[in-house]
Structures are given as C-alpha cells and as structure tokens.
Amino acid sequence: MNLEAKIEAILFAAAKPFSVRRLAELTDEAPKDIEAAITAMLESLNDAESGVMLQRNGSEVELVTRPEAAEVVAQVVKAEAQGELSRPSLEALTILAYRGPLTRPELEQVRGVQSSMILRNLQLRGLVEEREDVRLGQPTYAVTFAFLNHLGVASIEELPEYESLRGSAAVSDVLAQLESSVDSIEELPTQSV
Amino acid sequence: MNLEAKIEAILFAAAKPFSVRRLAELTDEAPKDIEAAITAMLESLNDAESGVMLQRNGSEVELVTRPEAAEVVAQVVKAEAQGELSRPSLEALTILAYRGPLTRPELEQVRGVQSSMILRNLQLRGLVEEREDVRLGQPTYAVTFAFLNHLGVASIEELPEYESLRGSAAVSDVLAQLESSVDSIEELPTQSV
Amino acid sequence: MSYPTLMAVTFQVDSFEGPLDLLLQLVEQEELDVSSVSLAKVAEQFLHYVQSSKTIVPEELADFLVIAAKLMYLKSKLLIPSLIDEELEEGPDLETQLREYQRFVAASREIDTMWKAGNRSFVREQRAMKRTEVAFAPPPGVTLESLAALMHRVIARIEPIVRLPKASIERAVSIQDKIRDLFTRIRSHATTSFHTFVKDAGSRTEAIISFLALLELVKQRFVVVDQKALFHDIDISSSPDAPQHDPLAESFA
C-alpha cells in the first residue's frame, strides 16, 4: 500500500485533522515524503469527481466532504438527528424508559443485541442521558426529563402499565443471568461464544 | 455533482451503513440508479490505490478503510477488542456468512444442534443481526458489517470458495426438504422452545 | 457404566461440539469418507459417547439422541432392508447433512485464519455527527401506547431465552421417561411387534426414540426379536435371561 493510501486511511478513520509531523510518525516516513504525498493527494483527490476532498490548513490536513455535497450532507445529518427513530432505537428507548437506569451491558442483555451505536444516537438526540450512578464499573443510562415531557407525563411512573412492565420476571431473570456471568458473555449457560 | 459523489459524501459524513432504499430517499433518485452507482463505485473505489473501500452487505453499503492499512490505522482509532471465536461461534458465523440470511431452524438443521444461545451471543457481540425478511414466520439472521470489517473483506462474496459453498446443491436440498415439510418443523431435532 | 457390546471404541475423541461434530470426528479418525456405510460403522462409537460423555449438556442431549436414532436406523436398514419406515425416512438424510457440515467446518477454519490475521477494516469515527448541536429532538410518532406495546414485545422475546435451559432439560427428561416407559412396556407385554411399537409413537421424534430404544434393548439382550420372513412384521419379546434393572434408562440419566 502506498503512502497516499495510508494517509487517506488514517484521515478517514480518525475523522479529525492531522499534522504533517504526526502523519510522519504514524507512517514512519520522512516529513518531506508526507508533504509530497499530500501534494499529490491534493491534486488527484480534489480533481476527481469525488464526494470527499483533502483540506489543508497550515500544517494540518483533514478529509472533508466537498462543498457541492453540503446540501445533501446537511439533510442527512438532520434526518439522523431528528427524523424517525429506527425500530431498534425505539426499542432501546422503551427499555430504558420502563427499566432504566441500566448500564450498556444490561440494556444489551435485555435486547439481546449490541447497542453502543444506538445508545450514542439516543444521547445525541437528548432522549437518553448518562446518570451519575455507576454499576459494576459501568455508567448507567435513563430517559431524559425532556423526553417524558414530550410524551406528556410528569414522571416515569405515569407510563402505561408501568408497575407490571417494570416488574417483569423475564427481564429480571435475564438480568440475573448477566450478573452470574459478570466476566463475560462467554459464561452464559450452555454455550460460549 | 454526480450521484456517485453524493453517495460517497453521505456515507463519509454519516459514518454508518445506509440501505439502497434510504440512499434513494436522501438523494431523491430511483433505487435502480442507486444500485447502478454503487456497482460503479465498487469497481472504481475498490480497484483504485485508495485507503478506503466500499463495503456491501445485503442491501446496505458502508465506507471503511482497506485491510492493508490495518496496522497504521489501528494506532489512531479505538476498536473494541473482539477476542477469539469459539468453535461453535465460528461454525454458526461461517454458515450464516455463506448461506445467510437463515432462520434459526435452518441454521440448526445445518449445525445439527440447537442454536438459540449461540445466535443470541453473536448478536450481543454485534457479529450477527436479525434481518427484516421473515421466512415461514421465523426471523432471519445474517452476518453484520462488523464481521466483514474484522475479516477485512468488501463483501461476503470475497470469502474463500464463496460460489461453491453458497450455491452448494446439497445445502439447498437440505433446506428445501426442510421447507417442504413445514409441519414437521415442530419436530425438528434441534427445536426445543 | 459398562457395556460389553460397546467396548469396541478404538479411538478417543477429546472434545466435541454438537452431535455432527462428534460424528464427523469419528468418521475422520477412521479415515473414512462420509457415506452410509461409514456412518453405520461408527454408529456404536457414537452411542458410546452419547451414553458416557460428561460434556454433553442436558440442553443438547435431545439433539444427540436424534442423531443416534438416525444412525441406528441407518445401520439396521443395511442389515434388514424391510425395516424401511416412512416416518423415519422423512427429513434430510444424515449422509447429506454430515457432508454439508464437513464443508462448513473446513470453511470455518479459513474464516478463523482470516479473523486472527488482523487485516481488518475500520469504520470512520463518528465525529461529524457530534458537531451538530442537538438539544432535544423528539422522535415523531412515539406515543405512550406505542412504548407499552413495544415493551410487551421485548418481554415476549426474552421469555424463551429465560426458559430455554429449563425447556431443553424438560425435553431430555421426557425422552428419558419415554425410554423407561418402553422398557417397562416390553417387559410387561411378553410379546409385541415392531409395528405396534412404532405405531404408538405420537410424532416422528417419538418414533425415532422408540426405535432407538428398541435397538438398544435388543443389543443388550433385554429383548429378542424374531422376524418370521422377509418383509414380515418383527415380533419382540422379553429375553428370558434379561436382568431386572434398567441400565438403558439409567444411562441417559
């Protein structure tokens, strides 16, 4: 893999600006070679019919979307932040409403699905917040007051069937399984991953 | 700005997978035009001396770094450690990769052993996901982008001997026999719940 | 636990995952291809492992028993062609199933190599999204009722997971009960026929279990079978020198 491709991969994955010096360290190349690669990239990348371009600011470079794509990108960002919730997101939100505060592993145990992206998205939308209490070294999450307000309830206890759904034995049992195998999911009954 | 560039910008900015249908909505283009653009992108992007490649999984696409850049990129991003895969996990993942999406009874038919716990554990690790399509009233499961990422392939078609294992007549026979005897599903060896 | 008829184990399998894995290991150790003949050849070893293994978890015992039954059926068909039973013939045949399984096991080794190689791709860190300043973005269309309905669905989905170990153990227990029951029935009714025996089975699984139990009892000389002529029904009667205890049922406990 050539140096330009390596630089592109770094800038893409880290999603932030890098200095020439730092890129030289990371790739174990001379700064002047980094400079040469950047010059070449500025030409090839920014000439091409691409959605992404290289931006140079002093000694730092960063990959950004092209200005021509600004409109569609803004639309995507807005839809992501304010559009309808995906089913999995809605499910996570519901579980946190009825059974929160929960840690991420607890939420995942109830959903049976990895949920880190979803949790982050719900936080970004101001629907879920991190709470101060920590369980088993993990932060806990609960729905926000703003969300309850939006639903038209003053407190979480006013959710329909709150007591019975919160007290579900199945949920308690599945959470108990998690506690009995704190170290990892590999200790779940019957099979390991 | 052409459609390919727009799609690239969207995938770059949102940093997550998008379905063809969703891309069609966002760009206000026909799904078949999106398909054509993706096909073109898979050729141009993935052939090029680039640090980035387009990944396809089912009806979704995502931009990721090329596997050749793994070492240098690993220095700048935090990826959740996945650890090794147990034999049952590997077996289930392999079958789902080559033959998926599959329902649980179908997976169990190939493995010869009940697989609900292994499916759950793989979903908790984010390596398997439930797909929207349902067969015989059962949800179907397939491998995720996270799985493809870990192997460093652009799509499942790049897995060794994909064609022969995917198209394996014998597997089709086994599954066809299974489907033709819907009523006997209740009595399948591995169904226990 | 000692079974004189089952002592012909020539290889040791250290560990196995599931019945097909055990079966494949046995076939491969004998350096055989997957065929009905080779499956019949390792059938006894398979049974031996199922009966004596400490590593088979109760949740998976039923899966092992079904494969065991298929093996015994396959073996007996080679000996007595008239034994063909429509119910037992249904479903994918074991040979095809195992051959497929073998291919996937081979493929999974390659996947494992790729997994461990570390040549992985990375997604882009999600910084772009963080720049948007979102205070509160209410989800359109979410109501109190929809939340309650969704929570009900979540709980409904968890229940089988919580019940799973218990349900599987119950299933294995019911298979044990069935074997015990068969043993008692054969002893009390001096003579019964294979046809009657299988006819009483309520499902295909039961028929398989019945058949497995019968073959075991024959092998251990608890019962004697007599077939008057080819294609005739098989008469089953309890053996005059049958021991009074019930080792078969115990062996599955």
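Order of writing sets the chain letters: A, B and C. Residues in each chain are counted from 1.
In the analysis below, contacts are C-beta pairs under 8 Å (C-beta built on N, C-alpha and C of every residue); 3 or more make two chains touch, one makes a residue touch a chain.
Please read these numbers as outputs of a predicted model, since none were measured by experiment.
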Study note, to complete from the structure: The chain whose mean C-alpha position lies nearest the overall protein Cα centroid is chain B
Revision key, fill the gap. Larger contact count among B-C and A-C belongs to B-C
Exercise for review: Please compute the C-alpha centroid of subunit A, do the same for subunit B, then give the distance between them in whole Å.
Suggested key: 20
Check your understanding: Taking each chain's centre as the mean of its CA atoms, how far is subunit B from subunit C in angstrom?
Key -> 29
**Study point:** subunit A and subunit C: spacing of chain centres that average the CA atoms, whole Å
**Key:** 42
Practice item. Spell out, as numbers or ranges, the residues of subunit A touching 2 or more other chains. Key: 9, 12-15, 77, 80, 112, 189-190
Check your understanding: On subunit C, where are the residues touching two or more other chains?
Key -> 59-60, 122-129, 161, 164, 168
Point to revise | subunit B partner contacts - residues on subunit A that touch it in the complex | key: 1-2, 4-10, 12-15, 26-27, 49-52, 63, 65-66, 68-69, 72-73, 75-77, 79-80, 108-109, 112-114, 116-117, 185-186, 188-193
**Study point:** For the subunit C and subunit B complex, residues of the former touching the latter
**Key:** 17-21, 59-60, 62-63, 66-67, 90-92, 96-97, 99-101, 103-105, 107-108, 110-112, 114-129, 160-161, 163-164, 167-168, 171, 203-205
Check your understanding: Quick one: in the complex, what on subunit A touches subunit C?
Key -> 9, 12-16, 77-78, 80-85, 90-91, 93-95, 97-98, 110-112, 120, 124-127, 144, 146-147, 150-153, 159-161, 165, 168, 170-171, 173-174, 177, 189-190
Point to revise | Contact set on subunit C toward subunit A in their complex | key: 57, 59-60, 122-130, 132, 134-148, 150-152, 154-155, 157-159, 161-162, 164-165, 168
